[in-house]
């Protein structure tokens, strides 16, 4: 049952089509990967879903709600949350306060301070940041800042989580930890749509993969199908792959 | 409106437009390259006007001749100002947004400094001088010779500046620095010279605008802000960083202003500020975004 | 409720200090001379303007230059409701109306402009202040035929107490907002507006409401000062100086802690009072120089120096303590 679907999604910047007539869907309980070379339009697609900028044409629906024309905060309250490629933590406030923002404002109904605090500490525990919750976020390592972003997104009680290059810059050990975290998120009942370059992660945890190239969808299938797909292999020849890193 | 009025409106509109065009080109080059939105721009125009006045009434030097002193002086002052104040600001600013905000405040500080220095030197009363006031008949309407000369100089300077930026080697360096200062630096362009130079060029254009202005209208120490606002409007209309855009936009606004004055002169400043605010809301990319 | 927070040494110290200052201020008019009370009126005015400016611009990072606009709107509201020919409303109502009219103006302009980022917003708010000046000049000269408005006068002492109340309310509002979820939302906007929006913060609403709240206090202050000055005109009411002063005072005093703007405002108000009337050009000239120097060299403000000083002081104390301990150990 699709929780998120898009038809003929297109985005123009001036004369350039960053995303071109893409059909996609994420089913409930899935972890779907979105891959493609740099500039393929992956983050742009995420930005369209989360309404960071408006769609040029096409339609997107989340749980049946049309997403076109909504603002980012409305989409969050519907149940879609995300992390960002360049981590956008609230640097000068504490980790806890970062997550509290999500807890207070991410839900459609008003929450009490006590409920928000509880939600926030649960999210922090889930990602393993409880010990650092009082620290100013700018003092954290990049890995922990990414964890903060995930906790913050989780505090908004999403049903769908968009992860934008969560594993970028992580060591192999950290990648494995992150893979386990994403799997635990799915096991909690949250569907995941993730943009990634780290092949080990994509192949390891995604049930289905969508491949973009120059803004168009060129392949879709299970990890086995995708890794065997001639076209996909071709476009990645010459691109640095992280398979088996 | 009869024909004479139309000629008058267009003529005075073009005359004002020439000054606006120079002012706008100056502001455009300062923000487009040096990334400083110099809101004290109008004060430089005012000071140049006063200097020309003093040269003429004090030493009998005619405006065009004293421009030979005023222009390089302003170029140098603009260069120094950027080299000292704004370069330091840039070094100390944590983000480009912080630099822009800080340089905005510093520009306002400059506004107070320049305006009050001028008040101390020249006082708050409007003054005027008269040079080449013999009449010239154009299509049945009497304009003064100084007006015609001012317009001619403004057009000539505008065209010359456009040619300079587009054809000369230095102009190429300026355009490269405007596109991408970091890369331009890597390609061997001395950013530490080009950025302050552009700020200086902006001040020079303001200076000439002031000289021309003083030939045609009374000078008041409080007139600076009005010209800054007008320059902002022109830049919003014409697109930032576009020299021809600022040039043509200046003349358009001059004519619009002339028409407004014809109908309700007391509302002209209101109209300009309202127009600025509307433009800011409707197309912010016009002023502060890249075209 | 966590009682221990209220009995900690730090809280009692701060509360005691605040109480002492309040007592001093409330009783001051009884033993201070009229001109001294007048100086305090100026100080209070600047504190109100600076703190209310910080309520919005300090956290969101949107530099508003509209203080003059809302201050002036409050003044002219008082001029229409409390004219020399006879007050139309009692004074407290006039003050509140001054705040409300500014609040409404801020709501409307905020809705229009708070979709703009940073610099555009600053220029727009500046333009707004000057536009109001020109509009009022036009209205007075062309429509009613004379410049300026006369009001029913109030004494220095009355103005003092009104401003004292407004100042306490402004500080209270600033404090409460900072600790509320609204304050958290504003901080998130200041840190990363995109992320805040994606976490469910209705950024436009948050900005508009906070902008309007801060305008309320500016308008109320204006409405209190106009009758004290007895005569206002557009150059007094919509003077852009009132837009830049709070920025300077907030930057000078520092915006991290709430007492920063208070200190900055107090220092500037005190110097301004004596210098500005006697040497207006020199005063404004040095104001411009101060603005430039402070932006370049003191971006964190005075209270930004406090952490550095605290560190240094803390280091000295720690070393003294260690020295004491080793002495004690030597003696056992």
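Going by the order they are written in, the chains are A, B and C; count residues from 1 in each one.
Quick note on the criterion: a residue touches a chain if its C-beta (ideal position, glycine included) is under 8 Å from a C-beta of that chain, and two chains touch if they have at least 3 such contacts.
Just so you know, these numbers come straight off a predicted model, no measurement behind them.
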- Task: Could you tell me which chains make contact with chain B and chain C both?
- Result: none
- Query: Which two chains have the most contacts between them?
  - Reply: B-C
- Note on the structure: Per the C-alpha means, the centres of chain B and chain C lie apart by a whole-Å value of 34
- Hey, how far is the Cα centre of chain A from the one of chain C, in Å? 42
- Here the gap between chain A and chain B, centre to centre from mean Cα coordinates and rounded to Å, is 49
- In the complex, chain B residues that touch chain C: 37, 39, 85, 88-89, 92, 97, 100-102, 104-106, 108-117, 119-120, 225, 229, 232, 266-267, 269-270, 273-274, 276-277, 280-281, 284, 287-288
- Message: Per the contact definition, I'd like the list of chain C residues that touch chain A in the complex.
- Response: 181, 184-185, 187-188, 191-192, 194-203
- Would you mind writing out the residues of chain C in touch with chain B in their complex? 63, 112-113, 116-120, 122-124, 126-128, 130-131, 134-135, 138, 141-142, 244, 247, 251, 281-282, 284-285, 287-292, 295-296, 299
- Item | Complex contacts: residues of chain A adjacent to chain C | 50, 52, 71-73, 75-77, 81-82, 84, 88-93, 97, 100-102, 104-107, 113, 116, 152-153, 156
